[in-house]
Amino acid sequence: MTVDAAAWDALRLSLWVACWATILAVPLALWVAWILARRDFWGKTALNAAVHLPLVLPPVVTGYLLLSLFGRTAPLGQALESIGLRLAFHWSGAVLAAIIMGFPLMVRAMRLAIEAVDPKLEEAALTLGAPRRDVFMRVTLPLIVPGILAGAVMGFAKAVGEFGATITFVANIPGQTQTLPSAIWSALQIPGAEGRAAAMVLMACVLAVGAIVLSELLAKRVAQRIAGT
Amino acid sequence: DQRVTVFAAASLQGALEEIAASYITPVTHSFAGSGTIARQIAAGAPADVVVLASPDWMDWVSDNAPETPLKTANIAGNTLVVVAQAGASPLSDVTQIASRLADGRLAMGHRDAVPAGRYAREWLQSTGQWTLLQDRLAETDNVRAALALVAKAEAPLGIVYATDAQAEARVEDVLTIPTAGHSPIRYPAAALTPAGLDYLSHLQSDAARDILARHGFSKGTP
Amino acid sequence: MSLIVDIQHRFGDFDLTVAFEAGPGITALFGRSGAGKTTVVNAVAGLLTPDQGRVRFDDQTLFDSTTGQDLPADKRHFGYVFQDARLFPHLTVRQNLEFGAKYTQNAPVASLDETADLLGLQGLLARAPNTLSGGEKQRVALGRALLSQPRMLLMDEPLASLDGPRKQDILPFLEQLRDGLFTIPILYVSHAVDEVARLADRLVLLQDGQVRAQGPLFDVMADPAAVPLLGVREAGAVLEAEVCAHADDGLSTLRLSAGNLELPGVQAAVGSTVRLRVLAQDVILSLDRPDGLSSVNILPVKIDQVHPGDGPGAAIALSSGTDRLLARVTARAVKEMRLHQGMHCFAIIKATTVAPGSIGR
Amino acid sequence: MSLIVDIQHRFGDFDLTVAFEAGPGITALFGRSGAGKTTVVNAVAGLLTPDQGRVRFDDQTLFDSTTGQDLPADKRHFGYVFQDARLFPHLTVRQNLEFGAKYTQNAPVASLDETADLLGLQGLLARAPNTLSGGEKQRVALGRALLSQPRMLLMDEPLASLDGPRKQDILPFLEQLRDGLFTIPILYVSHAVDEVARLADRLVLLQDGQVRAQGPLFDVMADPAAVPLLGVREAGAVLEAEVCAHADDGLSTLRLSAGNLELPGVQAAVGSTVRLRVLAQDVILSLDRPDGLSSVNILPVKIDQVHPGDGPGAAIALSSGTDRLLARVTARAVKEMRLHQGMHCFAIIKATTVAPGSIGR
Amino acid sequence: MTVDAAAWDALRLSLWVACWATILAVPLALWVAWILARRDFWGKTALNAAVHLPLVLPPVVTGYLLLSLFGRTAPLGQALESIGLRLAFHWSGAVLAAIIMGFPLMVRAMRLAIEAVDPKLEEAALTLGAPRRDVFMRVTLPLIVPGILAGAVMGFAKAVGEFGATITFVANIPGQTQTLPSAIWSALQIPGAEGRAAAMVLMACVLAVGAIVLSELLAKRVAQRIAGT
């Protein structure tokens, strides 16, 4: 196994992208999960299907769709670029790709957790005069922390592992958009570079295992607090 | 089984399917990137013939395949072109690439991982443009993705195979790349079974060469 | 301050049609399991939208099916002690209580610490709800609702899982809420008649989703017709008496309109008014004023009504001055003693029958 | 059939040290909120592994901390009616009951339909547990445990959320379990003394995790020293009497060792034995045999012990023939009537005081 | 949009593979989820990490790992082939790839559901004499149906969408191992075949949306049954 500077760059970038993706996606996924769990509205099935889409489509397709939506020639992409937000060929685009690819996983975990919350507890909070937002922040949210953690760690892991949509959307620019999976993939396409690939696979594993262990520890603390031990 | 199974690099897809149609036995293709195919052959893929876009990978196959190929041959060659969106004016030489890019990027296959990207890098290095351009690339996981970037105007310029450029209406060649500037682009094929041996000859037939030529491939140098 | 409820709701084949007025003071909702008590309270709290009807509090319409008004639960400021405790499992006992106190603008009637003291929660403040016993949970829920300083309290059997002595600690506190400077009206669900008798000002008797009797407590409790609804063993009149004196041996003299009672353990000050519950089955009728009895409480009474029951007993409505009493005697005694309306006789009330828990206000 | 419990367990600063023997018949665990009742029952059921000790049933060791034996809950065949109902939410009421009946090899004491009838569940069988009222849930839980035909029943306040009349329906059924051909011992947690008095054969009084008194019900209940543990209003002796005759007017004559009582509503057959609870506060002492009273139940008694209480009352232990009674009178009456040990006098027991619910067996 | 026979073949194969993957993975995922939710054992973190691995690794890497384990030249692959089970370059290998790639999603959903089950209900079942297995089958399992459905639909969607590991492990042979994503990818490699690609993307969407709608309907029925409406 050989570790070169490019590998470290890729690791750093992957960590960066995965952290951003997780931080940005969690609130959004929570909102969507809440809507799907608790509201009935016209187009709910469509929203639900849309959330799942990145799971179903080959990642390249998602990448192309992203390019057509957020590319520098697409209206949306131009609008964003005019306010200073560049996505295509930029690490922020990798964040977007990671968010979208991880979204179904995050939403599902959070939705399951929200559906498991006893609405009677929320009713109790309401009768104590807590407005709906406070009920959410102070009752629902703390109770679904395990689901949020599960969603976050899945989103993080997926962000660390995402390849197809990322390389299609933001290409593979070393130090800028070359994430660990892109680097691993590149190494695997070169005869005899398996050693470099293996080293980077290990890095990705360490990153993800770290996130998993951390989330499990947090979840355990929450569970113990509720059990009172 | 009567069928002939061909594992081939994806960039040959259009041409190989046409060639197969004129063969007596039905032919089944499995297209993927060259590296993937090479490893599949090593893992015992049920291929009669393998066609790659990279001589390096063919060497690797020869070393790693469960059984040594019965015969190998280069069935085609290719050339690189610099493309821009349709309607763009031609470049007079390589030094203009940088200015034409402005703040855009030069799309091409990955410099090491994608054969087309490797040839492009060799050419840019031989013309002394590499150091100038290497931070302004948009490297992709296959040539088609690079082509799509130019077609969608995400990148002003791209370096792709002439065959791809010819098939995509939304792009236009703006600079032809001399074959001398990089190692020769060859598509090595290998027959792994007796049935494959026969099909390999078919691939080398005149009819096949015509089809390859129509798709823009050059003659395979031995 | 008054709550006006007039609602209809249907669950499958259960039909609720309920109209009553509650407060100020404590209004007891009394009825058997499945009578619809929790359903009514939920509708008042805003947790259930009835099919039809109106709920008003003072001048404010909380719900009106004709206009579509439906004030959300968090805007109603009704404290609700649920039949199941519904503590927040992720918060400690202290944090649960704090949650109750958080959304109130009113000046606190009792601080968190006072409330915890009263409910015996001081040792439990740092604990997780999941580690509490059944009664402990219910006490925390009670404290949480009390601390939210509601403009009305809804209590769904809040004392059912509490032991006798603990109840005796908490009842005075509820009385205080009823009678304090800032009186909070209370809608109190219970199937314990003694709690109802001690606390309630008005009584609503529910049966199968319908109101069978309602009115001021004294009227409903002294009505022989309510005996089957309350249960034969639990029926009995409720009286008000004035405290005249406390003797050295612990007995207090209470003045009723037609005589005095000597009772132990009366805590109220001389001159104040207390509430007495006299169970119908604890009243013995005698033709002559008896003597040589350990019971010193004998009142002259007039028989207002002899109400034969379904079984071998009869309910006798009595007046003693302006007070009303209820006695339950056997049909044989009615025959042998020739008890009849308008007859004068004596009611013997055992001193210790009127237990401390039945004395309120 | 007997259960031997001798365990220690510690939760934070709550220390449980409990040793008692239970069954055959009903053993009541009585104690205030937080006394440790549920903890004991959980240990017996196999849901809690105590820090130390032994639990045996007949010859079988269920738990022994020294040998490490710990029989899993599903092998103990103890039916458990939980303080919270714990119905299976995904099953209908009928399916919940069927779940109870599924894992039993014994011949059914009562069929599912009989049980549902008894508990008033017939109209609810197709319903989801989430749509039931509090009392309805508890009844289903009771039915489910009964249908599992356990070799012992553990009941944690099973009747707390039931209304009076419903309790009166269910208590005879539990008595039947106690007294039927295949007697099932029951460990019964309650803080309602009247239930305990009616049902229990043995009584274990818990306080702060410690056993304060235990023994046969008649002994513990007639002991003036247990009065503060049971609550002043609830104390009272329990007697057994033989049914002699049923009169036309609904009164029955019951024979005690030193005299007869006339009581209404006795359902038992002539010649059978019934259990009576006589609350200490319902016994009036008289120096002479009084007449002209609506109360026809007068027994000659001898004072065994005068036990002054903390307050203005005194507990008087009496014997009447071989029966024991407890009377609570005021200290003033003790003084004025000069009540003292060895004295002979008369106890007046109001006919209607011994209500149907207090008559058992 | 053009739909040719190869596209229908790919659709049929994808449906077949996704169904098999879902059917086979659900019980296994349930078992792992149960272990992770309810047991404490040495190596639990390792198991947990292993389950998440396919999320973190670029799919190609998973594909290569599968190839090197189950390839026809690998000892394990040869052993399996000798008992008649061919995986590499066979549709059954696509099933394996889909199972592995979907596994983290399924396990998470089921684990969250299991953790939300009130152990007090299981205790109640135990005291009624139900042995542990019956408690699981008759109490726990019905209560976690929403989680199982969520896991199954995610696994199914992932199986429909899986590309990288599949094409690497079983190649891209039309009618045999060419799933919808592989066919879409192939179409994208031919200039001017975007119409074919779009048609197949639509097929994949319809497939997944169908599965989602079905699972939501089932979940709703379960929820209504518990709510009693």
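By written order: A, B, C, D and E. Residues from 1 in each chain.
Here, a contact is a pair of C-beta atoms (placed from the backbone, for glycine too) under 8 Å apart; a residue touches a chain by one contact, two chains touch by 3 or more.
What you see is a predicted model; the values in this text were computed from it and never measured.
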{"item": "Minimum number of chain-to-chain touching steps separating chain B from chain E", "value": "1"}
{"item": "Given chain C and chain E, the chains that contact each of them", "value": "A, D"}
{"item": "Those chains which touch chain C and also touch chain B", "value": "A"}
{"item": "Most widely separated chain from chain D, with each centre as the mean of CA atoms", "value": "B"}
{"item": "Chain separated most widely from chain C, comparing mean CA positions", "value": "B"}
{"item": "Whole-Å separation of chain centres (CA-atom averages), chain B against chain D", "value": "90"}
{"item": "Euclidean distance of C-alpha centroids - chain A vs chain D, Å", "value": "60"}
{"item": "Distance between chain centroids, defined by C-alpha means - chain A, chain B (Å)", "value": "35"}
{"item": "Between chain E and chain A, distance of the C-alpha-averaged centres to the nearest whole Å", "value": "20"}
{"item": "Set of chain A residues in contact with two or more other chains", "value": "60, 64, 185, 188"}
{"item": "Shared interface positions of chain C, touching two or more other chains", "value": "84, 127, 131"}
{"item": "Touching pairs among all chains present in the structure", "value": "A-B, A-C, A-E, B-E, C-D, D-E"}
{"item": "Chain C-facing residues of chain D, complex", "value": "11-13, 31-34, 37-38, 83-84, 123, 127, 131, 133-136, 139, 156-157, 160-166, 191, 193, 231-234, 247, 249-251, 262, 264-265, 280-282, 284-288, 290, 292-296, 311-313, 328-333, 335, 337, 348, 350-353, 355-357"}
{"item": "Residue numbers on chain E that touch chain B, as the complex places them", "value": "60, 63-64, 67-68, 71-74, 77, 88-89, 167-168, 171-178, 186, 188-192"}
{"item": "Residue ranges of chain E in contact with chain D within the complex", "value": "120-121, 123-132, 134-135, 138-139, 142-143, 222, 225-228"}
{"item": "Touching residues on chain D, where the partner in the complex is chain E", "value": "45-47, 72-74, 76-80, 82, 84, 86, 88-91, 99-100, 102-104, 127-131, 144-145, 148, 150, 154"}
{"item": "Parts of chain B lying in touch with chain E, wherever the complex brings them together", "value": "5, 7, 10-11, 13-14, 28-32, 36, 39-40, 42-46, 66, 142, 144, 147, 164, 167-169"}
